[in-house]
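Each in structure tokens, the structures are laid out below.
Consider the two complexes below, in which chain A is the common component and chain B and chain C are the respective partners.
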Partner chain A sequence: MGFFDWLFPARRKAAGTEQPAPPSTAGGGSYNRSVSRRDVFKILGGAALTATACSTPFSSKEEKELARIGWEEFFQKNYREMTQEERDQVVQRLEQKARLKRGVNVNIKNTPPQEGVLFGYAINLSTCRGYRDCVKACMLENNLDEEMAMQYIRVFEIKKGKFDVEAGEAQYGHEVPAEGNFYLPMQCMHCEEPPCVPVCPVGATWKEEDGIVVVDYNWCIGCRYCEAACPYWARRFNWQEPSIPNEKLNRDQHYLSNRDRQKGVMEKCHFCVHRTREGRQPACAEACPTGARIFGNLLDPDSEIRWILENKKVFRLKEELKTEPKFFYFMD
Partner chain B sequence: MPGKHFKHQYLMPGVALRVVIVLLVLVALACARYEDDPALVTDARHNTPFIDLTFDLPKIAVESEDTRPFFVARRTPDMVQYPCATCHTQGLKIPGTPADYQAHAEIRLAHAQEKTMDCATCHGNSDTNKLNSLTGSAIDMDRADELCGQCHTEKKRDWLHGAHGKRYYTWQGTRVIQSCTSCHNPHKPALEKRMPVAFPELNPRRNR
Partner chain C sequence: MLEFLKFVIAGFREATRGQRLYHLWMGTLTVFILIGVYFYSVQLREGLAITGMHDHVSWGLYISNFTFLVGLAAAAVMLVLPAYIFGDIDFKRVVLIGEGVAVAALIMCLAFVIADMGRPDRLWHMLPFIGYFNWPSSLLAWDVIVLNGYLALNIVIPFYLLYSRYRGRKADPKKYLPFVFISVFWAIAIHTVTAFLYAGLSSKPFWNSSILGIRFLASAFSAGPAFIAVTLYFIDKHSDFKIEENIFHKLGYIITVAAQINLFLLGSEIFKEFYHPTAHSHSAYYLFFGYEGHNALVPWIWTSIILNVLATATLTIHKLRRNRRVFLVMCLTLFVAIWIEKGMGLIVPGFIPSQLGEIVEYFPTMPEIFITLGIWALGLFVFTFLVKIAIPIELGYLHLKQSSTSTQGVEHA
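Coming up: the complex of A and B.
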């Protein structure tokens, strides 16, 4: 008795044999050609197709909703081309996504730049003592991936006597400040002529009107050209789906800053867009215990940062590249 | 029944009504005060109201010729032994005997040279709640900058303009900056070394 006999007992009827099949004398002795192999595959294939077509691919309502959101995100416009209503819709969609994926309510903003504001940053190297509190605050504020230990800020420990950032050590783990060293924090310089922007083949990164260089995480294709172009090593790539537990999630978010990123997109320091556009200091400046970090409006002649630029000997890193960073260093 | 008569008068509905009216007026006053609370600052350019995060900080207004008016955070709310006049009712004896310093045994002066400074450089005003300037005039305990700025003139200038010291919470709106003694121990002003925040471990979950 062959396999097909067992599978389709009706075939025997068609063959006119009511009795149990006689013991096969040869390998294919009782094999009848009335159902071909091709027919069997047709039936099986058809059944599989029908099963696929009739069943829903989503096991739950949430998955269906997430799939719809994913579909809409795929056809989403570039953030710069959106009207305010479209931006509001996108932000609501992202909030709904966070609700479904994480089960938490986040507040995603799309605050536009303030008029008459150009952000600048100054760091007092005499008072920076390398505590690295800014790094920690940044990681918590911006929901940076824990597994990859992503950080926007590097604090370099550099031997006194030579100003060489490349010889700096970022992973020090001893009491600070160590004798004979100084500390130089480095992050995105938010250049006026950012070299990372023109190299982007899709226009997913640009300079906002308040001088902040931002990334549209939904538009980025992850080619990493900007990472190669940045002379300050400021850009970071998501090699995997970023993960941050809900209890550590900062729910105060902005479309252009610390909302959930996906795998394969670039991110970087964005001067805490969600805070600074509301008049607050970036998280690193607020966390600095020595007050070495000064943040302010370069267009306001009475601001602290303008006084520093006018009265202190400030310098910028790699000035010869003419990137015009808005990130200044000075010493007392 | 004079007692009963009195009681009846006391519980007259008119009295209760008056009490209610007075309460209502008080509530209305409280609300009116809340409405023009300086905590609700409005950004003039955009009309976007945002909460002034510095509104509940204890602070003193400073009028300065060189800068916009700003505030210094007050130190006295954090000072355990303030006000000084609780004990020092008769003024200070400087220098005193070691027995006199028992209440301040933790203080070891490590500020400038011994010849330059002693307790009397900053303390010993007839008003013991105040600091003492070099010429003997009183300085408010919350305005350490006026005292320190007598010698540290350049630091004081930097601090006034924001190049030294730390500002609270905001870059826009109310400027509240920390006092000198918020960071520096006036008796031992050099900051001490400490361990940095640990460098984040790569792949913490994978190593488990």
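Coming up: the complex of A and C.
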């Protein structure tokens, strides 16, 4: 790092969430701060630009419309306290915003939880090979920021003979499966007693009726208390403005899942709300080449996940903390 | 109303006048504040990515300073309790200074919290009724109540006393004593709530301990009065407000006993972590000895422990404590030691190793350091400003009718 680099703070990668592949990027992302000339100009010019932007009249109709949307968003209520009608208006506004900002049509749903559904996940540790196809599928499905290399799923490589996630290595960059190891994927456990929920000072995160722990990205104040409270390190913060190019944008969205996020707010795995509430599988389950991921409705006695709970010896991580995760592990 | 306006104008005039040293001091602080404001504007635009924090260590320098300063604010109670409630004449004279420290510390606390927020524009979400105030379940919501309440108490009580004195009237104890009683309990509450904010997290074994609350209080009641003692020395030196020897003696007792208790509690924690280390001791290992080759905080915490032991041992010896120069140096030593211990030494190891055992260290960046310095400068600015007005009123130089100000105010605090 050059001596004067600190004068021009640049965008950088979030630590420890490097791309799973190719291996060359693993491990070094923590303090990478490359400063491009463009960034320098942007920062130096930024102050002047913001000063003039306030005094000049809006140049175009789009900008006027975006400013109006910005105001309305500022006064938007907590999603939990909205009526269905208000929720409809909010997603329409977000679709309009995407049209104006990105020039694309996105479909933002606000499907409520379905009756008699409680989602759960089970991972077969005997068949997981550590390919991390789930990680990649999740990043694409959920429009995760590439610059920060945000990831919701973390796969740990653990030496056989131990059963300790803390002794595992999440940043392996070699061919898998590696001899003498097994693989353990982790993501949000969607606890029945989620420690992240009560700590939020503004109630911006909560557990839905179908058991999914969600975040209202428009209500979060970015204090990161939930990130400290989660025993599974499942939450992620937007340290900078997240960006995803249009050509990679998944336009099938939900208010509580993969719609455009903002700088300074939390996000996390949401069991692909936009898919699963329509009876589809989450992207990670669909992507798994070995069939190690079983997702389903815990309240449906005929579901595969119920069969596993009844016929396999399942366990959960950090059960001593009484968080009651709905994320199970088993072995054949 | 007119009287009040006169009071404000006279106060403002007093605060903007002084000798060259005073202007130099306030000018320097202003420069630091402005540098901090510049970097904060960069942070607002670019996001918290310009700090050294990341998803592994998601709280850093800001929250560390916040935690320490809550203790500094709470320490005013150590002057308030004897002065107002036990009627201690010596303390009564300096209690306003203690309350000034509390106000400045609380303003810094609030500034650090806002600096740490990802979306300060959404602060209104916390307002009860208008927003969604998650009370009583979130300890942060509790913290908002206790910090703002304590700030209000520490503004209202001294304001009433000074305003009465300015108008040449006797302050009515019936009007202010009830608030003084509340503020005593409130002071203990602010630091307890802040400790519980950490102690309540089952995800962090390093913080999840019942000793944390009492340790916070012990360290606060040594570092806080130590800071007040140093400021009193400067006030004594640079103004007509003379501080009697007795006050330093009494403060010395409080500081020493609190520091001794704090060291004992530190020892208890070290014993528990290292007698039979478990997976829950990894953070303590990281802090004190380094863990798996990572040891950024090791020199930092040992500096703190050495300073802490040195100051506590020196202050324990009556002869040394009664020597003004030794006493002041040791007060500063203790202040620095506890700033390290209750700041980065407490917050950062809570995140290392992470909940999943991964180790990513934390180093504050320059913008982050300048924002921090700016907030400290703001606190010192506010404190000097308050003291500069309070002292001539206390001394009777500044009062109604003859609202021309003193010739010899405080130069420096």
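The rule we apply is simple: the second predicted complex is superposed on the first by the 276 of 332 C-alpha atoms of A that agree within 3 Å, B and C clash if a C-alpha of one lies under 4 Å from a C-alpha of the other, contacts with A are read in each partner's own complex, and residues count from 1 in each chain.
Simple rule for what comes next: contacts are C-beta pairs under 8 Å (C-beta built on N, C-alpha and C of every residue); 3 or more make two chains touch, one makes a residue touch a chain.
Here the structure is a predicted model, which is why all the values come from computation and not from measurement.
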| request: Have a look at where A:89 lands relative to chain B and chain C in the superposition and call it first, second, both or neither. | output: neither
| query | A:146 contacts which: chain B (first), chain C (second), both, neither? | reply | first
| task | For A:296, select first, second, both or neither according to whether it touches chain B, chain C, the two together, or no partner. | result | first
| message | On the A-aligned overlay, A:173 touches which partner chain: chain B = first, chain C = second, or both, or neither? | response | first
| task | Determine, under the contact definition given at the top, whether A:129 touches first (chain B), second (chain C), both, or neither. | result | first
| query | Taking the superposition as given, does A:279 touch the first partner, chain B, the second, chain C, both, or neither? | reply | first
| query | If you stack the two complexes on chain A, which partner ends up touching A:308: first (chain B), second (chain C), both, or neither? | reply | first
| chain C-contacting residues of chain A that also contact chain B | 148, 170
| message | Quick check: in the complex, which residue numbers of chain C touch chain A? | response | 41-43, 45-50, 53-59, 113, 116-123, 125-126, 131-134, 137-141, 144, 197, 200-204, 279, 282, 350-351, 353-358, 360, 363, 365-367
| Which bits of chain B are touching chain A when the two form their complex? | 43, 45-46, 48, 50, 53, 67-68, 158, 161-167, 169-173, 178, 183, 191, 193-206
| remark: Within the complex, chain C is touched by chain A residues 6-7, 9, 11-12, 14-17, 30-31, 43, 46-47, 50, 74, 78, 80-81, 148, 154, 156, 164-168, 170, 186, 195, 198-204, 219-225, 227-233, 235-241, 262-266, 321
| request: Would you pull the chain A residues touching chain B in the complex into a rising list? | output: 114-116, 122, 124, 127, 129-133, 135-136, 139, 146-149, 151, 155, 170-177, 276, 278-281, 285-286, 288-291, 294-297, 302-305, 307-308, 311-312, 330, 332
